[in-house]
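Working notes for the structure below.
To keep things simple, chains are lettered A, B and C as they appear, and every chain counts its residues starting from 1.
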Amino acid sequence: MSLMNEKEQRIAAIALMLFGAAAMIPFADDGYYLSLCVNIVMYAVLCTAWTLFSGPTHYISLATAAFFGIGTYSVGLGIDTLPFPLLVAIAAVASGVLAGLVGVATLRLSGVYFVIFTLGLAELVRQVVTWLQVKFLGSVGLYVFTDMTEKHIFWMLLALAAVVYITGWLVNRSRLGFALRIIGNDETVARHVGIDVARAKVILFMISGAFIGITGAILAPRFAYVEPPSAFNPVISFQVVIMALLGGTGRLWAPLLGVIPFTILFDRISASFPNHTSLLIGVAFMAIVYFLPRGVMGLIDDFRARHAKSRHAAAGVPEAAE
Amino acid sequence: MNSAPLLSVEKVRKAFGGLVAVNDVDFTVKQSELIGLIGPNGSGKTTMMNLISGALKPTSGTVRLAGEVISDMPAHRIAQRGVARTFQLVRILPSLSAIENVIAGAVFGHVRAWGDDAYREAEVLLERVGLGGRGNVPTGSMTYIDQKRLELARALASNPRLLLLDEWLAGLNPSELKIGIELIRDLREDGRTIIMVEHVMDAIRSLCDRCVVMSSGVKIADGSVHDVLSQPEVVSAYLGTEDA
Amino acid sequence: MDILVTGTVLGGTYALIALGLTLQYGVARIMNLANGENLVLACFCAFWLYTAASINPILGILIIAPAAFALNWAIYVFAMKPLVDRAKNRGQLEIDSILATFGLMFIMQGVMLLVFGGQYFSYNFLSEPVRILGENYGLNRIVSLGAATLIAIALYVFLYRTRFGTAVRAVSVSPQSASLVAIDVPRMSAFAFALGGGLTAAGGSLLSTYYTFNSSMGVIFTMKALIIVIMGGVGDVRGAVLAALLLGLAETAVASLIDPGLTLAATYTLFILVLLFRPQGIFGRQTA
């Protein structure tokens, strides 16, 4: 199999240009827009990492806040003694391990168990971390003083985004990715063609969790002061689900279609009507379920299919050969 | 090949709560043998297939493949050991193309292939089951027999040591049935070992070397097709007895 | 001893919430993640009835539970039924209903936040102490345990001793077979969903007599109720009651012996044990 076909080379070239352009953003603005862009890239990474697992398996994970918080805490606890890159690696390992444990306990069972388990996971980890801190450190807060500014965080996130996309692309063309597509279609068939279904799911959940942990670690310098309620903020989990589903989970870049509009909308709403964010999240969930079950990507696909059909009809080509 | 059995089912029992679906059944299948597993509805045939393929775990008893105990393995490991199956209600992977459906059988199973090799083999198999050149057709628009063909190609893709066909011929019309029987006959001539659960008696008569008959979870006959079908127990299991 | 009584009281209230949820999930096949908000809403209603109209919260159940029944009936018919009709399989319905009830949860929570704000509420009702075996307990706790017991027994009698209740259980076992014996499955599902909402609301009224509550605590209760339902086995009334008591006791024990901040850790420990060793529930039978 060749490394990349022509279409993939074209996509890679476009992606490279877009990343290059995005990397210039900090030179254009260093204030509000840069911080909005940090949010967008952060959610792009989180949602893509989330979709990596939840897209093919259809498991709705609400564990994002737990992995993110672990990442933030890894940096918060070690920033005075260890170099930052090492802490990021620790964050990846710690959240990957947690994902593995959660996966082993729940991924053999049906989706509902998984949702419930992850729903409380961030809160559970927060309680445990708080308790440990009070017991052994005597206080709950941690200071993260670094000389990193918003633009450094932005560049790191952008680099991470590139890594996530490349990982996603590699997974999709690997045996693991193919196994997951089969699992997403029919688990029984998957088992009977020789796929270790539980192991495939756990591995992917660990990859996804590790990326989310890294994101939390990179964001830690932005908080300056880290305490459990802000690090393990459960709203992140829900926002990620909404944005990813809003964009669509069928393709690697589809979540981006949800991330950009929703991050901007959420930013506006929470600035002007801070008490209405719960309502916004609620309405967004409803809108996705009732009006956009396959996300914006689904709309685009439908449009394309209709377009292709009418073109085929005009040319008199049978539509079976897609 | 020696004459030691490829598959041996030893005193296998499966109980669902109080209901015993398979009751201490024994039988063996030799290399390159095609055996029919028959019996009235609810006699435990599909449960037996599920026990061999690992979809269910036996309550007691063991299943061996070439001497190795497989009944305590999860289904995916049994598949990797070389047991492939089709399903009573055809199970196609709807969002994959036809050729990907076949490749799915080749990547993780007994004999593995990946990439261009898997693709080429899958094309050969599609040709073989009569779907040549239709690898990119969306599976949703396929007819029932084509879906069944596709499922068979997927099962063959791992070059299995034992192939389980669960009512693979059911629901086909007479002309499709003829094609289907020819296809299975071809497989037998290749020397493949096959167990088929079937209600279509013509197919059993024309294809099988040997038959195992089950009724209410118990094996009531085992032997050549002709002998078995004339045994009074078998006749009464199908037609009912006066005092039943 | 203190742990035993306090834990049982807490468990009794959990039991009502969990029974509500197990009916909604077990019979109507909707995993209602807005159930905790339903509970909090009932807390606020009981509070409002007591402070504004001086209606005793125990009697208030007679108003609140039917109102919640009606509200949940409407939710099922207008929001959930379309999803049931559209779903191609059980998995699809599961995902859709989870997402839709998440939406409902945030909308209810958002509205309550706008109306009541985020602060904690409580009121004094029967807060005089009673002595049991040498220790003092709030009378409100004992009364609410009594009320919860009565309601749970009534539910049990209804489900296991009446024709209508048997029909509800039949739907929970198999909707297909139930419709074959002329049970109106959609109606039963709506009824079970509504009844579940009513039970949870009754639990909320009782809870409000001895617990401080606020607009955003619903999700924690939803989660505990979900865990109880799974521990008890979906649709299993006895299992839910037993699991609720177990959870109430475990939480109270951890809170008073180790640290009040670790109640969720206690819940999760139980949850993990159940998932690993008895995923079919305490009384559940292994099925194929």
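The criterion applied here is as follows: a residue touches a chain if its C-beta (ideal position, glycine included) is under 8 Å from a C-beta of that chain, and two chains touch if they have at least 3 such contacts.
No experiment lies behind these values; they were computed from the predicted model shown.
A count of contacting C-beta pairs for A-B and for A-C identifies A-C as the more extensively joined pair. Chain centres computed from CA atoms place C at the largest separation from chain B. Averaging C-alpha coordinates per chain places the centre of chain B 47 Å away from that of chain C.
Annotation: 42 Å between the Cα-based centres of chain A and chain B. Centroids built from CA atoms put chain C at 32 Å from chain A.
Within chain C, contacts with two or more other chains are made by no residue at all. For chain B in complex with chain A, the residues that touch the partner chain are 53-55, 74-77, 79-80, 84-85, 87, 91, 93-96, 103-105, 107-110, 114-116, 136-138, 141, 154, 158. Taken in their complex, chain A has these residues touching chain B: 1, 175, 178-179, 181-182, 184-186, 188-197, 320-322.
Within the complex formed with chain C, the residues of chain A that make contact are 58, 60, 105-106, 108-113, 115-117, 119-120, 123-124, 127-128, 130-131, 134, 234, 238, 241, 245, 275-286, 288-290, 293.
Here chain C touches chain A in the complex through residues 25, 31, 33, 82-83, 91, 94-96, 98-100, 102-111, 113-114, 216, 219-220, 223, 226-227, 230, 259, 261-265, 267-268, 271-272, 275-276, 279, going by the rule given at the top.
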